[in-house]
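If you scroll down you'll find the structure; I have some questions about it.
Chain lettering (A, B, C and D) follows the sequence in which the chains are written, and residue indices restart at 1 in each chain.
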Amino acid sequence: MTDTFEPKITAFVCNWCTYAGADLTGTSRIKYPSNVRVLRLPCTGRIDFMLLAKAFARGSDGIIISGCHPNDCHYTSGNYHARRRWMVYRNLMDFMGIDTSRITFSWVSAAEGAKWAELVNEVTEGIRAMGPYTEYQELAHAGVE
Amino acid sequence: MRIGYYPGCSLLGSSREFDESTRAVAEAIGLELVTVPDWNCCGASSAHVLDHQLSLALPARILALAEAAGLTELLAPCAACYNRLCSARTELEADPAAREAISRIIELPYQGRVKVVNILEVLDRCQDRLKAKATAPLGRKVACYYGCLLVRPPRVVAFDRPEDPMSMDRLMVLAGAEPLAWNHKTECCGAAFSVTRTDLVARMSGRIVAGAAKAGAEAIVVACPMCHSNLDMRRPECNALLQADHQLPVLFITQALGLAMGLDPVRLGLQRHMVPALLQPAAAGAKA
Amino acid sequence: MDLIEKAEQLLQSGDVKAVLGFEAGTGGTRRPAFARRPGQARRLVFDDACVQNLASYVTRKETRRLGKVAVAARPGALRALLQLMAERQIQEQDVLPLAVDAAGQVAELPTAQAIEEHLALEPGPVSARDRELLDRLGKLSRAERWAFWQGELGRCVKCYACRNSCPMCYCEHCTMDCNRPQWVPVPSHALGNLEYHMVRAMHLAGRCVQCGDCGRACPVGIPIHLLTFNAEETVHAQFGQRAGASAKLDYALSTFRPDDKETFIR
Amino acid sequence: MSRIGVFTCHCGENINGTVDCGKVAESARGVPGVVHSVDYKYMCSDPGQSLIKEAIREHRLTGVVVAACSPRMHEPTFRNAVAEAGLNPYLCEMANLREHCSWVHEKGEATTAKAADLVRVMVEKVKHDQPLQPIRVPVTKRALVLGGGIAGIQAALDIANAGHKVVLVEKSPSIGGHMSQLSETFPTLDCSQCILTPRMVEAARHPNITLYTYAELEKLEGFIGNFKATIRRKARSLDEKLCTGCGLCTTKCPNKKIKDEFNEGLATRGAIYVPFPQAVPNKPVIDKLNCTYYKTGKCKLCEKVCPTGAIRFDQEDELVTLDVGAIVLATGFKLMKTDQFPEYGYGKYKDVVDGMQFERLASASGPTAGAMKRPSDGKAPETVVFVACSGSRDRSKGVPYCSKVCCMYTAKHAMLYKHKMHHGKAYVFYMDIRSSGKDYDEFVRRAIEEDDVSYIRGRVSRIYEEDGQLIVQGADTLQNGRPVEIKADLVVLATAVQAQDGSEALAQKLHVSYDPYHFFAEAHPKLKPVETNTAGIFLAGACQAPRDIPETVAQASGAAAKVAGLFSRDELTREPVVAVVNRLPAPTFSYCVGCFLCQSACPYQAIEQEQIKARDGSVIRTLAKVNAGLCQGCGTCVATCRTKAIDIQGFSNEQIFAEIMTL
């Protein structure tokens, strides 16, 4: 069953490092699974935690958040703010029983095309093994007609 | 204080005096040496050029045994053993897969919990006790010779300054000797070519002996059996090549310290040297 | 001087336009009360039954209109007042906090510094009971926690009592009221409830003064204060600061240290 | 009701090879709001673009989605096209079917399905796009150049000659930089000072250039076209107007034993000194750390001898604030010191010198007046060993990068030595000879063939002193690593070029990024080599990476051209991707509650306070307001705003929300 399951993975990435990195993956013709849908934002600092909740609610089985390495932020410190936000967010979500292992945080620079492919591979494999995020999706359908 | 002890083959053969003097000094400063039960060869200069896995397995077994014996630190006085143990340990630390493979081969669990230390490291730690015991200052000018295996490669041994080590110099100050600034602290002595290419060794060791003599040293202090045999046993070849008659003795650091602590020269194995070693401190006036 | 005398004095002298405290409610309960004339001060009571965080009234339009108000404040309220100052919602001269000690004696805390010093003597905000609850939940497996909160939040009716009781939920326009886009579905179904409490907790992370009023206010008895407590505890553990400790506190989630230590980013 | 047009590009076979573009276009037709959807071989081609323009007019499109390559590639192209057709350019979005789909996935259903998804996502975004107007900001037509070396001088002169005001700031007492210390320059061997000093004087005299020597940048605020720079003019302890530069004071200073920086410590100077004879300005400065008066409160000899009474012991640093529109960073480099090399004696051997010290030894204006004398005993070195790559390309102990100039200047050094001492022996230890440049390799060949410099390919493992000579041990890797030992009188280490001290701090002050070695980072390694990622700040010379003089000058002129280009307009337009705090009719005014927790989240201090006042002037509310000039559009504030009062144009909450909801 799980081997036929194709997870739905949503990636929130910053425009300057990871989006560019993913472009490089393309120009280098490195292959990775097509399960991922990339949403482009200016900076990881822009990623509102509610966007993640919405992605899960829309049936994402896994989420990738990725931006510039510390010190490399195009806006000098957006990623630092993001990092703090996620430090609190992860604990809280875990405390609420959300499966935080379905959210992968990463730094992928504009030069790390290969790392992006690796990341997507690992996450896709991982989520495929975990299976669909049923408990959350059921929740999303409950009461919504 | 209690520490694991791995003598290795040299200290049972050509360099027995290193073993004897190490034990003597250890006893004098109340350092208990626990010999690793059923220890084997470290692979020394041959294994790693012949079979990589073997060069890991041999040291790994020693370390695993030490681990099993509940030891956390292992003293390997022989610089070659020290270097091999460190190398294997570093490599296995970085590679869990290899760790398992090796554990299977040696049929012992290897966790890499035992830290490997050389004689200088250990003595450096015991400075206070040494100071207390060093009652017979050597009062000699000495050239501290480290060789290559003790300090290199830095990322593996991570001990002292690779290009200009100082730990032995510090110890000699404790022993009331005067360590000299000289140029050949870490030059190669020719090592295992001792047997196959004695001519090369004569040239390389000769340069070291000459350098020490030039700097005004009355003795060379070493912490490696290989270095010792080349500087001591190969002295005739060196002198022949240099057309000189360098008679300055070569002492193991433990012998030098032993002397400074007034230990019996014979217990320190000083009589075993080819180049006669000064048998008592300068105070007594005698000279080799 | 006890609270009533102090209130009379303050109102007499006109130092404050009103004294915000508690009066006897029905069945031994206590409810907030404004004494605006010396004569009304007699209604005021202050005992262990007075638990509500009155700071949540200070930012209300109606209160602001009155002018300077004295507040009979418990530590929770005092922390809230400091945090409100840090968030530029009130200024020192807008309020006169009154601390009432065990003997019923009243001390004025006219400045932020005075409040900070007074609070320094108080025990930490998290009660032993809440601490125990947090730990118990922390020990559960992820799935068990999920089950626990689903069970609890399943009872939520989105009455927003928690929001209204919270001194830090002073925003006139809440994300919950935002419909372009409709971030959180309006109905109180499983998803709507979960998302509401996510938002609430995240928005209070680094701002929650841990008075616990939200939990007390919940008509169906959901221990929701634990959510904001958890967020606040993380902030304290990771960034070493607590909301309500000072009137000059930087918001933990809009400041950073380049060496903030995290363990999960690849 | 939106009328969206979708244009799917085959990019030849690049997309169509793995994605069925026809199907993608087809499925797009089914998306609500899409009134027109076609696929075409090359959308970015002229016919492709006109396809879009025509469709916009014909179908009265309110939004355009181009499903092609990465927006980072062609977004500007298509937005221009859309604009030409009379539609607001910001109503055009791109779906990345190439880099993010066709190139990274195998041909097949799934890949085509993903492509269709990506299109739908973008259609939903476009539906929520708002027409945006580019932001216009005024430009202050005055440039600030930091660093008075050849890079700074060249940049300043070019900008000044383009008719704009320039402020040239140099931290040391004179402009000229490293180039003024060089003896002769490769590959022509013309005297460095002969070609540099005229430029220095020209810069000082130029009506458009204001020179601040012995000064440093204290603080920088603002943004492109509108920077506010605070310069600290360190106290020279001298009234420059009164000083005639006669130099009497410098000869009389009792304190003579101070290491002379200009001569790299190979000579000494007084506490009041002029760095070098051709210094610009040619006015002395008192080195407070070493001046007897500043240390003991006694002396003042210089004051007594000064004929014009120009000495000012009580002078204090002065802070100058300037409005500038652009900044050129030209802070240069530093050379790794010989004490970084334990195997070469930890710098304890006087006769082991670095490249810059050798320049001084070889320079006619140097401590030996150009005569070959070694530092220790002034003996003429019969044998000199030059060690290239000292610290460079050395992962274990030095820096991994190539310092670029060493191969050339080492050849030059060997040549200069041979020219001065024909019978002397010169050896060069090298790893590779990197002499790519006009007439460069010929130059090196000349050193080898005509001046008979012995090049030995190998590293030097150790240098030690013996009988007043330096024993250099190395290996000749072209002879199977045969050990080489040379008894030398002088050893010259071509030590690594490193970023100037304080580069990191300066970079942070300016919000420009930098590499792990603290060299300033260009905005794009190929296409934006002189720009930084901070608009309005440009790079020139070795502060970006090791550079030789020709490259430095070229880059400086490039930076100057960028500045001149910027100054050619009275106002400049910026991408309107900025944050905005919403405003609403009274009594709400805004969703902003004025907590200003967003303020510290902004990396650009772009969030200001705005007071909403009643008729009587009383303040009703204090709200956040974004300075569109400062805002760079990162959106960090948006994510911190609880009331959703702040939003960011181009990546608005509604847009992103819509994108997610289509997933």
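We take it that contacts are C-beta pairs under 8 Å (C-beta built on N, C-alpha and C of every residue); 3 or more make two chains touch, one makes a residue touch a chain.
Nothing here was measured: the structure is a model prediction, and the numbers come from that model.
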item: Selected interface, B-D versus A-C, where C-beta contact pairs are more numerous; value: A-C
item: CA centroid of chain B to CA centroid of chain C, Å; value: 69
item: Chain A and chain C: spacing of chain centres that average the CA atoms, whole Å; value: 34
item: Chain centre separation (chain B, chain D; CA means) in Å; value: 51
item: Chain centre separation (chain A, chain D; CA means) in Å; value: 33
item: Contacts with 2+ other chains: residues of chain B; value: none
item: Contacts with 2+ other chains: residues of chain C; value: 175, 183, 253-255
item: Residues of chain D engaged with two or more neighbouring chains; value: 601, 636, 640, 653, 657
item: Inter-chain touch pairs (all); value: A-C, A-D, B-D, C-D
item: Sites on chain B touched by chain D in the complex; value: 154-155, 161-164, 183, 187, 214
item: Interface residues, chain D side, partner chain C - complex; value: 588, 591, 593-601, 622, 636, 640, 642-645, 653-654, 657-658
item: Of all residues in chain A, those that touch chain D in their complex; value: 6, 8, 10, 15, 19-20, 22-27, 29-34, 37-43, 45-49, 51, 54-55, 58-60, 71-78, 81-82, 85, 117
item: Interface residues, chain A side, partner chain C - complex; value: 49-50, 53-54, 57, 70-71, 77, 80-81, 83-99, 104-107, 119, 135, 139-140, 142-144
item: Touching residues on chain D, where the partner in the complex is chain B; value: 342-343, 346, 396, 462, 464-466, 471
